[in-house]
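Here come two complexes built around chain A, the first alongside chain B, the second alongside chain C.
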Partner chain A sequence: MSHHQPIGGRLFTAPFLFLGILAVIALVLLVDRFANGLAAVTNLNDGYPWGIWVVYDIVVGTGFACGGYVLALTVYIANKGKYHPLVRPALLASLFGYSLGGLGAVIDMGRYWNFYQMFNPAQMNLNSVMLEVGLCVSAYSLVLFIEFLPVILEKFRADVWRARLEKVLFIFIAIGVLLPTMHQSSLGSLLIAMGHKVDPLWQAQQLMPLLAIMTAMLMGFCIVIFEGSMAAVGLRQPSETHLHRGLIKVIVGLVAAYLVIRFGDLIRRGALGGAFEGDLQGNMFLLETALFVVPLLILGSSRFNRQGRFLLIAAVSLLLAGATYRFNAFLVGFDPGAGYVYFPSAAELMVSIGIVAIEIMGYLFFVKLFPVMPKHQQAHA
Partner chain B sequence: MNRRDFLKVAGSGALIATASSTVEARGNKEPLPNAVGMLYDSTLCIGCRACVYKCKEVNDMPSVVRDNEVQWDQAEELSGDTLNIIKAYKHGTGETKNSATDGFAFIKRNCMHCVDAGCVSVCPVSAMIKDPETGIVSHNPDACIGCRYCVAACPYNVPKYEYDEAFGQIQKCQLCNQKGVERISKGQNPGCVEVCPTGANIFGTREELLAEAKRRLAMTPGEEYSFPLERVGSTYTHRAKAAAYHPHIFGESEGGGTQVMVIAGMEHTKLGLPDLPERSYASMSETVQHSIYGGMLAPAGLLAGLLYFARRNTKHDDEGEGEA
Partner chain C sequence: MNNNELHKVAERLGVSRRTFMKFCTGVAATLGLTGGAGVQMAYAIASPRRPAVIWLSAQECTGCTESLLRSTHPTLENLILDLISLDYHETLSVPAGHAAEEAKLHSMKENWGKYVLVVDGSIPMKDGGIYCKVAGKPIVEHVREAAEGAAAIISIGSCASWGGIPAAGPNPTEATPVDKVLTDKAVVNIPGCPPNPYNFLSTVLHLVTFGTVPELDHLNRPRFAYGRLIHENCERRPHFDAGRFALEFGDAGHKKGFCLYKLGCKGPETYANCPAIEFGDVGGGAWPVGVGHPCFGCTEEGVGFNKPIHALSDVKTVTPPTTFPGIAEPVGTGVTPGAAALLGAVGGAVLGATAMAVKQLGKLEKDRVSDHDSQDNP
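So, the complex of A and B:
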C-alpha cells in the first residue's frame, strides 16, 4: 500500500562516523560557549552582532531547508501530483534544516533563558520583524514535524492514528505553505531597519521581502534536485532526472524574474556602480550575479539542459547564488563603520559545520530506517 | 487545480497586502512634548573626560585596565563597560581647535535617545522601551532574549552586548534614569552633564535644547558670550568666545530626530556621526511589515485559499493512491 520504503543498509559507515566526530567537536565547543560566553568561541564584536551562526545556520540554512515548502506548494496547492515521490525526502531535509536552524538561534541568543518571552503576549512587539521570524520559524518547525509524522506512524504500523492524521493533514499542509511564505520574506525585511549599514548593492528596502522569498523558493527547488542527485549517487537510488527536468522550468522562470527585479531596483536606485569599484563588496556582488546568470545560460541551452550532469551543476550554482546573496546582504555588505571588522573564528566555523553534520546524520538515519524514499517497483525499468 | 486558480490564491493575498498598505503606512514618530535630552557643543568641550569617569561611577561600570593600571579615562570605544565616551578628531598638524584642516576637535558619543528609535522598533520582546513621558530609551534585561537586533539596527552602534560573559546583557546609556539611579526623575542631571566644567554638555527638554543650539549657531564668532552649565537657563554660566559653528544641528532631523543633539565647528561626518536620511529606518521597516501583516488580513486570506486547495488536492491524492 505504501509508496515509500526504507533503503536499509548499514547506518554506521565510515562517512557517518566522520560526521559524528564533527558533531562531537561542535558540542564540545558549545560547552565553552555556554560556560564562558559568546566571545569564547566566536569573533562577534561590538560592530558585528550577527556572525555566521545567524547568517549561515538561520538565514542561509533555512533557505536550503525550503525544499519541503516548495514541494508542498507544487504538489498540494498547484496539484502537480507527479512530484509526490519527492515530497518525503524534501520534508525530512526541511525538518532537520529548520530544527537545527532553531537550535542555531538558541546557541547564538545572548539571553537564551528568556526565549519564552517571545511567546509572552505581554512582551510581544508587533512592530518587530524579528518577532515574526521567531514565532513563525518555531511554528513551522512544529508543522514540519507533524507533516513528517505519517512516516513515523507508518514505520511503527500505527495505521489507525495515521488514518486520523491523514484526514486533517491538509490543514498542516496549508499552514506549512503559509508560514515559510511569511518568515522567509521576513528574513529579508530584517535588513530594512539596518538602513545605511547595509551596502546599497543589497539595501533594497521595501523590495527586501520579495527578493528574500524568491531566493527561498529558488533554493528550495534547487535543493530538491541536489538532494535527489546525491541520493542517486551516494545512496544508489534510482535517478529522478525526469522529475527534476519539470522543476527546471519553474527555476528558470524564477531566476529570470528575480534578475529583472534585482537589477531593475539597482538601476532605479543608481546603486549598480558599486559593483565595479573593485572592492570586496563589488567583487562579491559580481560573484553572486555570475552564480545566478551562468546556470540560466546552461538551462537555456538545448545542448546542456538534457543532461542530468548539467542540471546538477546548474542547481548547485543556484544554491550557491541564493546563499551568496544572503551572505552578502547580511555580512559582506554589512558595514557598521568605525573600523569594525568580522571574520568567523575557526571554532565558530566548526560549530556551524557540526550542525550541518548532525543534519546529514539525521537524514541518513531516517532514510535508511524509515519509509522516506519512494519505492521503485522495477529497478530494471 | 489549474494555473488560473493558483494565480487567484496568490493574487488575493497580494491584493489584500497592497490594499492594507495605504492604511498602515506610517511616517516618523513626532517628538514627545516633554522629551528630555542633552546638547553637546563640540566647540566648548576641552576633552577632560570628567564625563567618562562620572558615567562609569554612576552606572557602576569597571574602568579600563591597561598595563596593569586602572586607566579611568582611557576607553577608546563604547562597549559593555563604557556607555559614554569622548573621542578626538585630529587632522594634519592638529594646531587649531575646531578646524577641519590642521586642527582638532572632540566628540562625545553615547545613546542619542532617538525620537523614533530603531532599537525600540525592532526588539521582538519590547525589552527596549521609550518612556512615554520623557522619551528616554531604556532597556529591560529581564525581557531581553539577547538576539542583538537592536545592535544591528542602531544607526549609531550604541547598544552593546557583553560577549565575554556567560550571562551577558545589553548595555546602553539610559540617561541616568534607570531603576536604582533615577537621577532625572529625582530632578537631578545626568552624571555626564553634572561634571562638565564648560557647559559643553547640557541637559534640558528637547525644545529648550534646540532653542539653545540655534542661539549658539547665531553667535558672532570671536565675541564673548555666556554659556549655561548643566541646564538650559542655568544661572551658573561659563564665559567664552564663540567659535565659528558649522551651521547644522545634528539630531534636529537626522533619522527622524534625536533627543541628544550635537553642534560643532565642522561637519558631523568628520566627527564620526553618520549621514542619515530624515525618514527614520524604524518607520520604513514598520511600514513594510504592517503593509504585509496589517490586521493579519493578507495571511488569513492566503491561508483560506491554501486550505481550500490543500483539502481538494489531498482528497484527490487519497482516491488516486492505487495508481500513483
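So, the complex of A and C:
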C-alpha cells in the first residue's frame, strides 16, 4: 500500500499557461542560439565565458536542487525516518533542477557537439575540475531518475518491476548521497582554479570547496521548507511545518558554522576591509551576509521559529543568501581583467526564466498526476 | 674512472673537474640521452687514445669552422682540440704546404679504418673537379682517398650536406654534396649555414662514446637535431596561431614580436632545433627569428638559397586560417535597461510570491489554532 498519492486537480490552470508562455519564449530564443551562435542571444565574451546560464542554471540551480541530497542524507544516513514523506517531492525537484542544469551546460557550450567526448576515457583531461563536475552531475542526474523511478512504476502499476528495483535501490541512494558531496564541493574547486580573478572577499582558496558544500546543504534544507510551504499555500496541501521545525537545529548549526569559517577566513587573510569600500563587490558582500544573518536571528528566536510563515521567510532568505554567495563568487566578484564586463542580456535572462518555468510546470505535472505527495492523514482532511 | 683520473683529465684540458663534468652532461642532454651517458662521455674523453679527425674543406666559406671556434661552452675550443686529435684542418693546422699534407697522409696511414672524416663545402664535379684544388689535386680525389679508410664520415654545413650556396642555380661548378660523391659510403649530414656547433659536437661525442652515430632520419640527419620543424618550437608560434603577423620590418606588429611568417619566415618548412638550443651561448632569443629576422631555411634542401628570402613558406603542419579573431576583442556590454528591468521583475516576483505565501501561511495557521481551540473547548 502506497503512502503517496497524486493530488489531482486541473493541470492547465491560468498560472500553468503563463509559465507555458515563458517556456515557449525560452525555446524560441534557444532556436536562435543554436542557429546563430552564442553571440546572437548572450552577452558572453572572452573574459566572461560563463554567464548567467552557467551561474544560475548550474551553480545556483543545482544548489537549489540539493533537496533530494540532504533529505537522503537525513532519512537514510542519519536514519530519521519521520522525514520520509518529504523525500519524493524533494527528489522530483532535484531531478528537474539537475537535468535542466545539465541542459543549461549544453546550451552554454560553444562547441556542444564535442560534449560526448567527456564520456570518452581516451579524451578525458584528468587534471580538470570541470571533468569531475561534468561527469558527476550527469551521473547524478541519472541516479536521481532511478531514485524517482518507483513513482513512475507505481503510477503504471508495474509492481513486479518496482519490487525488483526497490531491492537494489539502496545502492543508488548511496551513490546519490556520494555524488553531490563530490561535485558540489568541486564547484568551489572551480573557483580555486580561477585564482586572482576572484575578488579577495570570495577567493578563500582551499576553503572554497567546504563553503560550497555547506551552502549546498543549506540551500537543500531550505528548498524543502520552501517547496513544502508553497505546496501548502498554492496546492492546498496540509502544512508540513511540524516536520520543517525539526530541520531548524541543523540549519542554524550550518549557518553558524558557515559564518564562523567564512569570517574567520576573511579576517585571517585580512580581506574583510573590502566589504566596506562602498563598491559593488563590497555592497553585494554585505547583502549576502545580511541574508545569512537575518534567518539566524529568526530561527534562533523561539517566538518566531514555531510559525510556518517565519520559517518560510528564513528559508527564502537563506536560499537567496546561498544564491547570492554563488553569484558573487562566480560573477560579481569575478574580474578577468583587460576591461571585460558582463551583464546578462534580456534574452539570456528570458532563457533562464523559461527554464525555471519548465521546472515548475514539470513539478506541477508530476505532483498532480503521479503519486509524489504524501497521502493526507484523516485528521488533516 | 675514479676522482683522481677525472682530475687529471680536467687538468689536461685546462678546466676544473666540475666544468668538465657539466660539459659532458650538457652534451648528453642536447642529444636527448640520460645523465649516465654524460659519465660515459667523460670516460671516453678521458681515455688516452683520442680518435683522429681529418677535416677536408671543399667549396666553402669557412663559416662552419668559424662557428665551431666561437662555441664557448666552457673553453670549448680546448675541448674540441683535446678530446679528438685533429690531425688535419686547413684553417687550424700549424704546419702548411707539404708539411701539412704529409701530416694528413701520416695520420691516415696510422689510423686507417679508425679515423673520422669531416668534410665542409660542396664538391665541384664539372671538368674533372678542377674548380677546387688542394695540393695540386682536385678536392674530389682527396675526399675519395680519405673516405676509403674512414670509420665515419660527417658532412658539416649545408654545402657538404646538400649543395648549399655553391649549388644554387646556375651551379657553374656542378657543386655536389658529399653523399652524392661517396655513394657507396654512409655519410652523416649536419646541414645549416652554419650549423649549430653543438649539433656537430654532440654527434662527434656520440661517435667517440658509443662507437656509433646517433639515430638518423631519411636524409641522414641526426634526429635529435633535425627531427622537428622550427615552427613547432618557435617562441613566436602562439602569434602564428592567433593570426598576429608582422607585415613589414619595423611595423607595429614587428616591434611587438609578432610572427614573421608573412615576412617570409621558412620556419614552417625547415627542420632544425634552432629555437631550442639557439646560438652564441648568450641566452634567450639569440637566433634569427628571436632577433626579428625571418628564418631563411638554411638547413633545408630546396629552401635555403633556393626560395626568395621573403617568399611565403609552404607550411608543413597546420596552415594559417584565412580569418582570425580580431586583435582587439569585444570586452562586452554592460547592463542594459531591458535586462535590468527584467532582473528587477524576477526579484519582485520572488519577493512578492514569498510575501503572499507568508501571508496565507499565517492565515492557515491562525485557522488551525482556532480549530484546535474550538476542539479543545467544546
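In this text, the second predicted complex is superposed on the first by the 378 of 381 C-alpha atoms of A that agree within 3 Å, B and C clash if a C-alpha of one lies under 4 Å from a C-alpha of the other, contacts with A are read in each partner's own complex, and residues count from 1 in each chain.
We adopt the following convention: a contact is a pair of C-beta atoms (placed from the backbone, for glycine too) under 8 Å apart; a residue touches a chain by one contact, two chains touch by 3 or more.
The shown structure was predicted, so the numbers you read here are calculated from the model rather than taken from an experiment.
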- request: Mind checking the superposed model to see whether chain B and chain C fit together on chain A or clash?
  value: clash
Partner chain in contact with A:Val294 - chain B first, chain C second, else both or neither: neither
Message: Quick one: is A:Ala338 in contact with chain B, with chain C, with both, or with neither? Answer first, second, both or neither.
response: both
Message: On the A-aligned overlay, A:Ala232 touches which partner chain: chain B = first, chain C = second, or both, or neither?
response: second
Query: Given the touch rule stated above, what does A:Asp46 touch, chain B (first), chain C (second), both, or neither?
result: both
Field: Touched partner set for A:Leu312, first chain B, second chain C, both or neither
entry: second
Message: For A:Leu103 in the superposed arrangement: first (chain B), second (chain C), both or neither?
response: neither
Task: Mind working out whether A:Leu259 is in touch with chain B, chain C, both or neither, as first, second, both or neither?
output: neither
Statement: Max touched-residue count on chain A (chain B vs chain C) belongs to chain B
- request: Would you mind checking which of 1-9, 55-63 or 235-243 on chain C runs into chain B after superposing?
  value: 235-243
Touching both chain C and chain B, counted on chain A across the two superposed complexes: 44-47, 338, 340
Touching residues (chain side chain C, partner chain A) in the complex: 329-336, 338-340, 342-343, 346, 350, 353-354, 356-362, 364-365, 368
Field: chain A residues within the chain B interface of the complex
entry: 1, 3, 34-40, 42, 44-47, 49-50, 75-79, 81, 84, 109-112, 114-115, 117-118, 120, 123-125, 127-132, 134, 166, 169-171, 173-175, 177-178, 181-182, 185-186, 189-190, 192-197, 205-206, 208-209, 334, 336-338, 340
Message: Using the touch definition from the top, list the residues of chain A that touch chain C in their complex.
response: 43-48, 229-230, 232-234, 239, 241, 307-309, 312-313, 316, 320, 338-346, 348-350, 353
Statement: Per the touch rule above, chain B residues touching chain A in the complex are 1, 3, 6, 9, 77-80, 118, 121-127, 141-149, 151-153, 155, 157, 160-170, 255, 272, 274-277, 281-282, 284-293, 299, 302-303, 306-307, 309-318, 320-321, 324
